[in-house]
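Letters A, B, C and D mark the chains in the order given here, with residues in each chain numbered from 1 onward.
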Amino acid sequence: MGMIGGGPGSFIGPIHRIAAELDREIELVAGCFSSDAARSSEAGTSYRIDGTRAYPTLDAMFAAEKARDDGIDFVAIVSPNHHHLPAAKAALAAGFPVISDKPATATLAQAHELSACVRAAGLPYALTHTYSGYPLVREARARIAAGALGTIRKLVVEYPQGWLAGEAIGKQAEWRTDPARSGPGGCIGDIGTHAFQLAEFVTGLKVVELFADLAAVVPGRQVDDDCTVLLRYDNGARGVLLASQIEVGEMNGLRIRVYGDKGGLLWRQEAPNTLTIHSLDGRTEIVHAGGSQLGPDAASRTRTPTGHPEGYLEAFANIYRDFAAVLRGEPAPLLPGIDDALRGMTFIDTAVRASQERSGWVRLTV
Amino acid sequence: MGMIGGGPGSFIGPIHRIAAELDREIELVAGCFSSDAARSSEAGTSYRIDGTRAYPTLDAMFAAEKARDDGIDFVAIVSPNHHHLPAAKAALAAGFPVISDKPATATLAQAHELSACVRAAGLPYALTHTYSGYPLVREARARIAAGALGTIRKLVVEYPQGWLAGEAIGKQAEWRTDPARSGPGGCIGDIGTHAFQLAEFVTGLKVVELFADLAAVVPGRQVDDDCTVLLRYDNGARGVLLASQIEVGEMNGLRIRVYGDKGGLLWRQEAPNTLTIHSLDGRTEIVHAGGSQLGPDAASRTRTPTGHPEGYLEAFANIYRDFAAVLRGEPAPLLPGIDDALRGMTFIDTAVRASQERSGWVRLTV
Amino acid sequence: MGMIGGGPGSFIGPIHRIAAELDREIELVAGCFSSDAARSSEAGTSYRIDGTRAYPTLDAMFAAEKARDDGIDFVAIVSPNHHHLPAAKAALAAGFPVISDKPATATLAQAHELSACVRAAGLPYALTHTYSGYPLVREARARIAAGALGTIRKLVVEYPQGWLAGEAIGKQAEWRTDPARSGPGGCIGDIGTHAFQLAEFVTGLKVVELFADLAAVVPGRQVDDDCTVLLRYDNGARGVLLASQIEVGEMNGLRIRVYGDKGGLLWRQEAPNTLTIHSLDGRTEIVHAGGSQLGPDAASRTRTPTGHPEGYLEAFANIYRDFAAVLRGEPAPLLPGIDDALRGMTFIDTAVRASQERSGWVRLTV
Amino acid sequence: MGMIGGGPGSFIGPIHRIAAELDREIELVAGCFSSDAARSSEAGTSYRIDGTRAYPTLDAMFAAEKARDDGIDFVAIVSPNHHHLPAAKAALAAGFPVISDKPATATLAQAHELSACVRAAGLPYALTHTYSGYPLVREARARIAAGALGTIRKLVVEYPQGWLAGEAIGKQAEWRTDPARSGPGGCIGDIGTHAFQLAEFVTGLKVVELFADLAAVVPGRQVDDDCTVLLRYDNGARGVLLASQIEVGEMNGLRIRVYGDKGGLLWRQEAPNTLTIHSLDGRTEIVHAGGSQLGPDAASRTRTPTGHPEGYLEAFANIYRDFAAVLRGEPAPLLPGIDDALRGMTFIDTAVRASQERSGWVRLTV
């Protein structure tokens, strides 16, 4: 695997490296970690790769790696949002499959362009919606698909964070609050899109209409940092999506609750190894990661026995494991792909516009 | 104290009796528990009061009790919503102070009429917003008032229940889902108004504008059973209010989270003896009921040492304790009164109309 | 009901008053709250009883109350331990049933004397082991009796507190750390005996042998404040009992875990409204107070719907409800009586001696 | 790194592989995964190593690897206990540093022999006490060392599991319950030694005396499966160590509570990303992994921001990170080494004997 982005100071680059390598199906061997040659080289050293394979430009990486017998098989894009489209286009043009951090691009127009490129190239493309890699998220999906909750009527998906409650200081905060780099969506693109994807992933439902109230709460902020979105799904179910980056004390509190006419369930990212399931008769069951109650998909996604906590890195690695399967030509139906990418960007774009225009309920059309 | 309503099968009647008497400042001695004389008498026996003081009509109760030296000093109204106005009017006309279950009346028009009666009578009137009686709710209010969170920017108040996810069976469910008895609001009136009051109580802010999406989810239901309301407060802060009675597995999950520019806090009714406070520097503090960290108001509202759980009945008793103080002529500034009653009915009415008309954001004007 | 003890500064007196009256089957109408007439009178005022019925001596109370048509039916003893025997003897001799705070007496010899008096008097005697009044403790007992855990093999019962980690300051701390008033057991008598009773109550097993390590950790303390006791039950099961009053930060953390060959369960006093049950196949079920999964005994001991927390006072009231039934001549098989009183004192005495003598495992013989 | 053991069906082999490689300082490149050549080869394939480097014997591995320029630098021993000593001796004799799963050996005599070998070889030796690798365990140690709790008086360390409550079925269960392979200690050696090490690690205290009650609860079991050990530390503090493998429903519930004269703390392995700290004034603080309140050691051991759960594999990787530092010649004072190995075996041996002989309190002498 070759990495694009992930230079010095990157949060998500080292995370992708660990996740990709966890199951030893993938190895990071090259990268264009920065457009600054010295910084790219510095990053290569920190990742412990062969010094000659830390490239200053995409062109250099693609040319050199194609010439090697042991050259890279695909690229992982981990740079800020505005780099996603050019990086992905270049990689696809050079014949490399792409796995990309979310959101897919900075703007919806870019996403459409990317989608066309992916289809034209006929190469694998995946989006790292990490949270859908958690074993108990898979279990929740499987149980709902099997009818455990009956007909879904209502869901609440929340993604509270507090780290942008003050001034945006530091590399991570700066680009995320700069519309030139993040795109028009701030919080809605950074974490709202995770919540949107998670809810559709778990329930199998699709959003058809939404109402959005996005705010830039911190004085001077140029993108939204607090989002409330009401959702209507294709079966008529109602959804509420809350995402915020100004809720002091919240860390990475992604949480989803789904209610049907026969039961309800709850999963929390910060305590990801239990899933709570309620049934209409008043019973509450706790499902444990690694436990004997799991279906095959969730069971195959745990690496330790029950009671040995797995977390974010392991969930992320499950996404990469699916991508490795795709590269081998095997099916990985739960891996988010270009349709999810386009869908996520449509959600961001629709929510931003609906909020700005105070336009009430609007259709979400992909 | 005399009770109006609370006959056989009542949930809230016995609760009021226990709460009123817990601190031994008040004693239930009479009641018009039902308009059916036999049922009123049966209830009187169950409450262990003097058999002659279980009356079949309000007129009978008021006449007889006024004639006694040890007659009642006030009435508690615990009947379904549509009885609230006539009962309160009659009591006030007879010279009795009133403490009433919420919401104040079935309709906003009735609330205005009630408000006029209260003002004309010049007698105490209180509304049992139970949850504002919890010691740690008082502590949350005190800390926010003292600036612990800085300027409030955002709050999320949720009140999930699941008991009406199926058919409405039984006395409690039936009247609550019948607009003739509950008024136009279902869930929004039954529990949404608690959430609305709690958020204003804790923060000291007032809602000035709202957007509402109320649904009757269960087939055939005539009132809302699932509510999402977006709130804008008078200082510009945003609020999200979620209330539902169809979320299977939820019991009585009232919860509030408040975020300012310096901190955040969380309180949950189902675990009411802890309050979580986050500060901007990343610290999290747990405040315990009965503990030494409490301010005077919360400290005086606990009856047991820390670690000895107090709950719903004790919180309810704190409301009655305040009412007893008012009857003695002492101040009880935190006791919900006629203004809160009117405010709550305005909230219900505004939300119901806004949702029916899909009218977008509307002003809340009391 | 007449109260003995519970004068100004008492913690447990007001608790007994609330608990006794909660279900309105019992009313506090008289008391000998202190041997100081002025203080007894002051307490009577605080309890809002008729001023003439706050007596300075037991003799005065018994004489006056027997002469009244509406005199007391029984007494509640809530004074420090060393007063228990003389108070109970006098009450029984005067023909009054007794309900007493635990432990039954200050010493084992006194307990034997008390037992003889109770048997001679032929009057009801009960001991307020509050925690066995919690609905979910009753449910745990019922489920174990029904075989839900199979054969019990192991239990761990813990009672951590921290309030005596420093100097013993204040009335409550002073008498509890004074062997002349508390008896030879400190922590083991104050809370260890609760843990001992709870474990036998829940499992239906009886301790036959124990090993004890009791310590007076705080410098200068004259009684134990930290206790570890290993237990062997009559079916061969092992138990571990931990009780401490020097564990800083612990509040009233009574907790019991029971494991059989088919399942395990957990209950915690500080979160008393859930009971966790594990089965051998890896499933975990959460049982909720007030919920539909409860058996008849637990269901009849809750006063509110599920999700409305009940706590310590309500559990205490359940003990009084059983006592009221006994006074009416009805059976209350789960109410702790004189046998439990004697058993608890034997436990304290055996543990204190075994620890002092470092005598290894010793038989517990009642 | 070369692996010894970890063949098909191994639980801990793949765990060591992931942990060792997580930070990319170490790579698994060779192994003698089984004494059966075909099985060793099969395992090599599953680990994705070069097929020629899956050896059937230790001698073959050591000879071949020493001959390679890119040969292994050390070995990780992950086989059952009775293989530990011969494997470690052979590796040390061949000049390879050793990192070994715990306990160090099957018997205390073997541990002494191993200790002599390590000292004679002058090579690094480490023991994977995984739990001391958790960031918040490091934080707990640092805070206690800095005096946050004052003088330690009491600790309770518990390690409940339930997976051996029934028949011992499967490779993992079989060898652990066979004294010929596990050594004389069952549960006490498998998990009791972790608890023992954790308590000394966190507090900096050393056990000087113990009382042990070990039981083989499951009919027919030949080693202990349920352990209670009372501990006395070198400063006079008391400890209670509970370890069990028959507590149905318990997963991997390692937990430690430490109490001093100024504060107390709690850490739980199943929720490893928070640490609770109580102070004498009644305040409770929650410390979050990845948060700003961490000291340098804990902060450097987290790989993700606060709220992104890390777990067992990451803690394990922290042990390997320390070992990599030692191989580079850097200090890693918190890495368990040969002294800890010997100490742990002494604990097992002393507890087993003390329990068998019912000998009361015995000195623990290393």
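Everything that follows uses one rule, which is that a contact is a pair of C-beta atoms (placed from the backbone, for glycine too) under 8 Å apart; a residue touches a chain by one contact, two chains touch by 3 or more.
All of these numbers come straight from a predicted model, not from anything done at the bench.
Asker: Looking at A-C and B-C, which pair shares more C-beta contacts?
Answerer: Counting C-beta pairs in contact for A-C and B-C gives the edge to B-C.
Asker: How many Å are there between the centre of subunit A and the centre of subunit B, using C-alpha atoms for each centre?
Answerer: 42
Asker: Using CA atom averages as chain centres, what separation in Å is found between subunit A and subunit C?
Answerer: Each chain's C-alpha centroid was found; their separation is 55 Å.
Asker: What is the distance in Å between the mean C-alpha positions of subunit B and subunit C?
Answerer: The separation of the two C-alpha centroids amounts to 35 Å.
Asker: Spell out, as numbers or ranges, the residues of subunit D touching 2 or more other chains.
Answerer: If we look for residues of subunit D contacting two or more partner chains, we find 250, 276, 284, 288, 291, 306.
Asker: Quick one: label the inter-chain contact graph as line, ring, star, complete or other.
Answerer: Topology of the interface graph: complete, with all chain pairs in contact.
Asker: Which bits of subunit D are touching subunit A when the two form their complex?
Answerer: Against subunit A, the touching part of subunit D is residues 11, 14-15, 17-18, 21-22, 24-25, 47-48, 161, 163, 250-253, 269-273, 288, 290-291, 303-314.
Asker: Across the complex, what residues on subunit D touch subunit C?
Answerer: Within the complex, subunit D contacts subunit C at residues 149, 153-154, 156, 160, 162, 165-166, 211, 213, 215, 217, 226, 228, 230, 238, 240, 242, 244, 246-250, 257, 259-266, 276-280, 284, 358, 360-361.
Asker: Would you tell me which residues of subunit A are touching subunit C in their complex?
Answerer: 281-288, 291-293, 306
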